[in-house]
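The next part holds the structures, each set out as structure tokens.
One chain, chain A, appears in both complexes that follow, with chain B as partner in the first and chain C in the second.
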Partner chain A sequence: MEVTITNDGTKTRAVLKGRVDTTTVEGFQKDIVPLMEGENPDIELDCSDLDYTSSQGLRIFLMLQKSVIARGGKMVMANMKSQVKEVFDITGFSNIIKII
Partner chain B sequence: MKKRYEPVDGRNAEIIEDVVSFAQMSGVTQDLLFKIRLCVEEVEENILCYSGTTWVDVEVGVKGGCFTVTFKDGGIHFDPLGNNDPDIAAPLDERGIGGLGILICKKMMDSVEYRFEHGCNIFTMSKRLF
Partner chain C sequence: MTKRTSLTVRLSRRITVLTTAVFLSAMGLSSFFSQHELTRESENSVMRLLNSTVSRMNIFFGSVEKSLKVISWTVEERKTDVEYLKHITRMIVENDDIDGSTVAFVPYYFPNMEHCAPYSFVHQETGEIKSKMLGEEDVDYFKEDWFAKCTESGEALWSDPYFDQGGARFMMTTYSFPLKDNEGRTYAVLTADVPLENVMEMTESLRPYAESDVFIISDKGTVIAAGNKMDLVGQNILSLTEKTENDGLSAIYEDSTVGKPGIRKFRWNGVLRFAAYQELDNGWWVLFTFGYKDILTRVNILWAIVLAVGLIGILSLLLFNFRTISKMTAPLRSISAAAAEITAGNFHPVLPAIDTNDEIKQLRDSFLRMEESLDAQIERIEKETARNQRFESELRIASGIQASMVPTDFPVHGNVRLNAVLKPAKEVGGDLYDFYIKDNILYFAIGDVSGKGVPASLFMAITRAAFRFISQMGLEMNEVLQRINNAICEGNSGGMFVTMFIGRMNLETGELDYCNAGHNPLLLNGCFLDVKPNLALGVMVNFSYIAQRTVLRNGDSILAYTDGVTEAEKTDGEQYGEDRLKAFAISNRRLDGTGELCEKLLQEIHSFTEGNEQNDDITIMTIKYIQNGSHDNE
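Now for the complex of A and B:
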């Protein structure tokens, strides 16, 4: 699992690549720590190359979303593959995280 | 395929890959492969978290047009289907993560069953191939 984070001064973009599963979730949680900092964050998670997430990954996305909202920011997940989107849909996560 | 994993601790990834390899050899679609991988991971995580078992038997097969995976373990009596499903319509601040894995299995598989037999937890899930 790879996370590449860039910031253009107004918006933070994180490109997620690979699978969030039982073997990668711990590293993923560490990799997104920079997204858990700062006020009024505007975050886009590019999910073009996110191939898979289990419920352990959902836990991280939920934690991040709650953190962003608590800091007065907003977060979107973009370009999600259909199979990954299905995981968000059937768990109701599509209702609490904006997916574009 | 039938295989015992003992000790089972730390072998979640190995179990997933074994089942996925069997599924690939059985010619399942990429979409179904994704679902099988995910559901095996979720069930295994549940077993390892709650049953405290030292071993798991995993049996995989295709029968009657269904791909079926059965997990048997010797841990404490634990019915993963015994709890209510999480409220997926709850607002963000009320959402937790408990029960999501089993919910995913229920929705992605065609059937999930649990029984406690001869001191063992037995969980079976299956999906129609066509």
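Now for the complex of A and C:
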């Protein structure tokens, strides 16, 4: 699992690559710590290379969104692959997380 | 197996080998140079001795020559006075070095007298000087070398040595001096017989060495005197060189013929010897030979002393090294023994006391620190082990408790057949299912807490209890989920969530009311049931869930599962997936509602993952509706 974070001043962009599963979830949680703080809370997560997420990964996305909202920002997930989108749909997460 | 050699032995051996090598090199060099020096010095000393001896011999022979020359003048005046000539010869013999003398005239120098040679000599027994006329009795001296050669050449000469016919004890030589008239014709020969005894005595000083010989050799190469090697006397030195094992003599002879003194090595009967030689004034030469050993003896003694001292030194050094190193390394052996004890399980062996402040003390100190560290580590490991054991035992208990939380008393009811299985990935898990029948109505639920292990299991327990409690309140299914959701949302700081499907089936009519909270849709007869996702529980408080309804007909079956089934993976990441699950459900319809179906699916998942470790909890629930119990015995 790779997380590449870039910041253009107003919006933070994070490119996610790989799988979030039992073995990678802890590393992923650490990798996104920078996104959970700071004054420019708007985040776009680029999921074009995200292959899979387990329910543990969903939980992390949920907490990230909570953190963003608490700081008055917005979080969107973009370019999600269909098999990942399916997980978000089944669990109803696509109702509360903006997926573009 | 390698042979063990102690440090002490190896160190001692190395030091000794090195020392011996250095010592032997030094000794070898020193003896090489000292041998060279000693040889040269010995040669010089031999040549000096030889030179002094030759000088004395020259003086000896020279004095004889000179006295005859002086006397020859007096003969000239009264050469016809035989009595006077007798007197002259007596005077000559008065000289201690001369045993006999004559004035021998050529034949018929005096008319009527063929021979005329007044002769005086020392009587061998009495020592008196006697006179007689030679040629009168038995001596025809004309043919004697001393006469014939002298008259022929007209020059003074020394004869080859000879044993006196009178039985002299020593070899003699005769000096012949020609007497000449005014025209230069030789008319008589004046002689002096000189015993070589005195000359040989002079060579005694030339005996500094045990195995040395002195030879006097004539100008023609004849051995005149040979000390105690009498058998060589009279032989020609050149004839001796013809023997192959006598090598180098001819070179010495060649040197002597040109009067060149020198010192050379040569072989005598195959043995290497030195020869020193110098010519006398009269053309003879002195040959002095000595053994190679004579010179080397001194070197050898030197060698022996140095070797003995060296050996004693090396042995002492070896002993000293061995004892010192052995003493110094004794603590190492103790520490080694201590290490062996530690290996055997005694962590507090006795360590040697060390007074020196060196590497060995450092080793001992490190060893002590190691012991302390070992103690600390062992204590820590013991504590950790105890704690882990406690954890494990607690987990086992928790696992048992959790297993008992889900019902396994599957209903015995004419209109429904239901079975379920829950297989956690760890001791405890986050999956759950529940069911109960009340008033001919079946309530059931299946759920999955995000995550695994103890945190998930706590949530699972809460959720399952909430379902049991709230579902019995007679509420609609969406309200049941809303209340469970709000209960879970309260105090959910960890962001945990639960997906859950709940249903309520009228076993008389087959009516099924259900509501989903983000759980995987169920399979109805192998096809997905129309299910709204709504939202997983615990995510958003007061979320409005929407309930749905369908009617089951006789023989319909439901297969509920958690994502541990569809997301079971091979090592290469391939998942079991919904398609395989559907195919399984369709091809195993006759097992619907039985425990056999659950086991078969578990088995199929296990085969699919090829032994890859199960990484998520797996729950399977199968329900078969049998209207009016008509298929009870199917």
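Throughout what follows, the second predicted complex is superposed on the first by the 99 of 100 C-alpha atoms of A that agree within 3 Å, B and C clash if a C-alpha of one lies under 4 Å from a C-alpha of the other, contacts with A are read in each partner's own complex, and residues count from 1 in each chain.
Just so it is clear, a contact is a pair of C-beta atoms (placed from the backbone, for glycine too) under 8 Å apart; a residue touches a chain by one contact, two chains touch by 3 or more.
Small disclaimer: the values here were computed from a predicted structure and weren't measured.
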Quick one: classify A:Asn95 as touching chain B (first), chain C (second), both or neither. both
Touching A:Ala78 in the superposition: chain B (first), chain C (second), both, neither? neither
Could you say whether A:Ile69 touches chain B, chain C, both of them, or neither, answering first, second, both or neither? first
Which superposed partner A:Asp21 touches (first chain B, second chain C, both, neither): both
Could you tell me if A:Met36 is touching chain B, chain C, both of them or neither one (first, second, both, neither)? neither
Taking the superposition as given, does A:Ser55 touch the first partner, chain B, the second, chain C, both, or neither? both
Which positions of chain A sit in both the chain B and the chain C interface? 21-23, 52, 54-56, 58-59, 62, 66, 90-92, 95-96
Contact set on chain C toward chain A in their complex: 448, 450-452, 495-497, 499, 517-521, 533-536, 539-540, 563, 567, 573, 615-616
Listed in rising order, the residues of chain B that touch chain A in the complex are 12-13, 16, 31, 34, 37-38, 41-42, 44-45, 86, 88-93, 95, 97, 100-101, 103-104, 107-108
Which stretch or stretches of chain A touch chain C in the complex? 19, 21-23, 52, 54-56, 58-60, 62-63, 66, 89-96
Within the complex, chain B is touched by chain A residues 21-23, 52, 54-56, 58-59, 62, 65-66, 69, 83, 87, 90-92, 95-96
